[in-house]
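You will see two complexes here that share chain A, one where it goes with chain B and one where it goes with chain C.
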Partner chain A sequence: MKLTQGTFSFLPDLTDDEIKAQIQYAMDQGWALNVEYTDDPHPRNTYWELWCQPMFDTTDPAAVMMEVAECRKVYGNMYIKVNSFDNTRGRETVSMSFIVNRPKDEPGFGVSREESHGRNIRYRIHSYATDKPEGRRYE
Partner chain B sequence: MGDELKGADRYKSGVLEYKKMGYWQPDYEPKDTDVIACFRMEPQEGVPADELAAAVAGESSTATWTVVWTDRLTASELYRAKAYRVDKVPNTENQYFAYIAYDLDLFEPDSIANLTASIIGNVFGMKAVKALRLEDMRMPVAYLKTFQGPATGIEVERERMDKFGRPLLGATVKPKLGLSGRNYGRVVYEALKGGLDFTKDDENINSQPFMHWRDRFLFAMEGITRAEAATGEVKGHYMNVTAGTVEEMIKRAEFAHELGSIVIMIDLVIGYSAIQSMAKWARAHDMILHLHRAGNSTYSRQKNHGMNFRVICKWMRMAGVDHIHAGTVVGKLEGDPAMITGFYDTLTKTHTPLSLETGLFFDQDWASLNKVMPVASGGIHAGQMHQLLHHLGEDVVLQFGGGTIGHPDGIQAGATANRVALEAMIQARNEGRDYLAEGPEILAKAAKWCSPLQAALDTWKDITFDYASTDTPDFVPQANTSV
Partner chain C sequence: MTEELTTEETENGDGGNEAPKKPLATSFDLQAEYEGSHIQDTLDQLDKELVGLDPVKARIREIAALLLVSKARRELGLETEPPTLHMSFTGNPGTGKTTVGLRMADILHKLGYVRQGHMVSVTRDDLVGQYIGHTAPKTREVIKKAMGGVLFIDEAYYLYRPENERDYGQEAIEILLQVMENNRDDLVVVLAGYADKMEIFFRSNPGFRSRIAHHLEFPDYSKGELHEIAQLMMENQSYKFSDEAQEVLREYITLRMTQSHFANARSIRNAIDRAKLRQANRLFDDRSGKPLDRDALMTIEASDIQASRIFTM
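For the complex of A and B:
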């Protein structure tokens, strides 16, 4: 499967030039960017690991690209995303979030069902990657 | 001052012009805490505009048709609404904008029903008015602070769904009537798996002989969960809980909650108090609350009667819904682009300055009330993506019902076409391209590697709904209408 979280997951994987253009756009809006990675892409895994904190004072997209490259070196077979943060009053949350790296094989998710009272079903979405211990999930 | 009488002359038994009773105060300067309303009035022959404005002020506040001495037992001058300004509507024969200020103490906190019983109560039936329309209202911050506002709000909705930087995508299940629960859930699954964020019940799908509500909810939940697992994304289906009583709606909402649904839906026709009840329930149950504006056009579309939709947007933001259908500009339903900009700004900004071009008569501070996500639905398709993004911006749910389900290669293909078109357009916009002018080219390029998009473009390439709008702003650019 292909994980389709993020702003651009239905497009072919972005090239580095395309990633840089998006970072430039975010910086032009005054947003701070950071890089996060995970080996558990469950739809409700909100907190991916911080590769770096939002770079509030950086105005050069190359600096963010450097972090992406460094992160890929270490976690090249995990999911990596770039986020931007808008601190404008009334927004104050993530303004963009897009995947810039994927594991070679994306095992996806299974659904397990527990028959409950009446016709109710308790669903559980299960990330196959997490069948292995943390750190060895995409070996 | 107006023609107000004072003291014993004012309170002599009998009938008095409203102006003389004190409802016309041309020198009045509205207080920051006043509620202000702007009406479009058409007087009956022989009724002067300022007298009619006074009558509207009177009937929507303390007056009755004759003088009553019991006024003198009260702080009546405070409670009297004050018509303080009347402007001729540009390019009309006999229409006027009347501005009326109401003291905050005339209204019960946190009650749209109470507000509307005054502002759109008896006044619309008065014989002296030939036609009347509520154009806009200014809500004071002190009053807004008594309302909960949207149960979730745009930012929290995005955080819960983990979707940022682009409009959300949805589709209304079609045909809207007649599908069985099992077949209905199939459409939900296909559309969500193909790339949409939401699917939706239509306004009139509640619990009919062909599909009772519990079946719809159960099968929809199976479709949602399967699609979530297939994509790794958070998805939802607006479960319409509209029913004959609030008790029944709460029962259905509780079932949706028990099943793990993230969103429920109500129709505008359930009424203001029911909407407020459901908004409070939604806040307490972490539920996004979608509102379909069923019924609004019966009183909002025609220029000389009823009320402008921007007023409904304001009331619904106060009442606490998270989504409201607010027009598409390019689709099948009524919508002048400037007016729709005004509706969207009303729903999504923290502060809206006076802007007559977009129909906003007042400067409005939203007092940190959450934002409402506008929904664009009705006759839109992937080939219009550049126009939709241009007119409606990023904070909107774009709903392609026919434009998803009617796709020649199936529902999943239809959903994928919409999602690819959207992401390609966002990418182009962010890269600084003139996406409005280059839109067709951007879509054609994406269609080269995405055959579902190509099929969508081929099917709907020239479909537009190009009719004159009935509801347009009336203003002359140099008019100075500040308060």
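For the complex of A and C:
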């Protein structure tokens, strides 16, 4: 199952040139970029691990691509995403976030139902990958 | 040194084997490309704003020509890799190394060799950390900032401290070498410093020497050139010397050149700054209710320079 999260999630995976073009766009808007990785694909897992320091003063996409390449070298079989941050007063939030790397094999999610008070049903989404301990999920 | 310019071309002389995507051009209009890049404007500006430095200017012209020809060769499918352009600038203090670095960034940008054309000027402190694990992120941070432009490392030899084997400078050097090799089209590294120390640095770090194709030597300025520089600085700041002041300045330069800690153009700039201070003081002291005119505000008199310590020593 292909994980779809963030910007461009319903497009085929971006090529490196396309990633570069998107980074250039973010830089043109004056946004800061960072690279994050995780092996927990749950949709509510918002805060991934930070790869390097956020890049506030970089002006060239090659710098971010270099970090993406480094991160792929170390965590090539995990999810890696690039985020851009818009610091405009009043906005101050992530403006773009897209996946640039994913594990070869993505086992997907299971849904389990739980009956609670008053015949209410609670749904639980569970990633099969997280059955294994952290760091060994996509070996 | 000139033969190094051609090594890149011969290596890739027969072009790539892979089929080119778009049909190759069969001719290249060097003149049109030259005019389109506005490179002549920058070279002219260089000539106008930088006094002397003839060997440096000649070298920059050569590099510009190399880049233009290499572009033509790429267009015709003769060459696949852009030439390596890491440089070293050696020369005494105040000979214009930083200024030329800035110009170089501009020239490389105009010729399409670097994408952004900015220059990041750093010293050892910006690259080397203070504890274990601090250096690598710090160096990478600087390198990322410089991507798409020129990374100017001033007094580069301080990176290498042989007397302390646990010095973190070595780590910064290794990262730099790696980036100079792998990210050749992303940034140009310029190492600057005094000639003798630079020579020792290169001898103990052969990796740097082999990755740097262009060694530019900045000669000291002559008396006449220093005078010209002073003139140029004054013009830019809307000041001028009176006729007597010109004479005194000539004398000042002659005396200053023989003194220790003489830093070429930088010493001249400092002298001018002090003369400006004295001029302001003089105007302030003999205010007589009479309004000052343009000329009085612009002119540096002989007495403003004569007051210098140099003449009493």
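One rule holds for everything that comes next: the second predicted complex is superposed on the first by the 139 of 139 C-alpha atoms of A that agree within 3 Å, B and C clash if a C-alpha of one lies under 4 Å from a C-alpha of the other, contacts with A are read in each partner's own complex, and residues count from 1 in each chain.
As a working rule, contacts are C-beta pairs under 8 Å (C-beta built on N, C-alpha and C of every residue); 3 or more make two chains touch, one makes a residue touch a chain.
As the structure is a prediction and not an experimental result, all values here were calculated from the model.
Three-chain overlay on chain A, with chain B and chain C fitting side by side and no clash. In the superposition on chain A, the chain among chain B and chain C reaching more residues of chain A is B. Judged by the touch definition given at the top, the superposed model places A:G108 against chain B, while chain C stays out of reach.
Looking at the shared chain after the overlay, A:V74 reaches neither chain B nor chain C. When both complexes are overlaid on chain A, the residue A:L11 reaches chain B alone and has no touch with chain C. In the superposition on chain A, A:C52 contacts chain C only, with no contact to chain B.
When both complexes are overlaid on chain A, the residue A:A63 reaches chain C alone and has no touch with chain B. Shared-chain residue A:A21: touches chain B; no touch with chain C.
After superposing the two complexes on chain A, the angle subtended at the C-alpha centre of chain A by the centres of chain B and chain C comes to 100 degrees, rounded to the nearest 10.
Superposition on chain A places chain B within reach of chain C only down to 16 Å, the least C-alpha distance between them. Within the complex formed with chain A, the chain C residues making contact are 115-116, 118, 137, 140-141, 143-145, 147-149, 183, 186-187. Put simply, chain B touches chain A in their complex at residues 155, 158-159, 162, 164-166, 195, 214, 218, 221-222, 225-226, 228-234, 258-260, 349-350, 368, 371, 416, 419-420, 423-424, 426-427, 430-432, 446, 449. Listing the residues of chain A that touch chain B in their complex gives 1, 3-5, 7-12, 18, 21-22, 25, 41-44, 46, 83-84, 89-98, 108-111, 119-121, 123, 125. Touching chain C in their complex are the following residues of chain A: 52-53, 55, 57-60, 62-64, 66-67.
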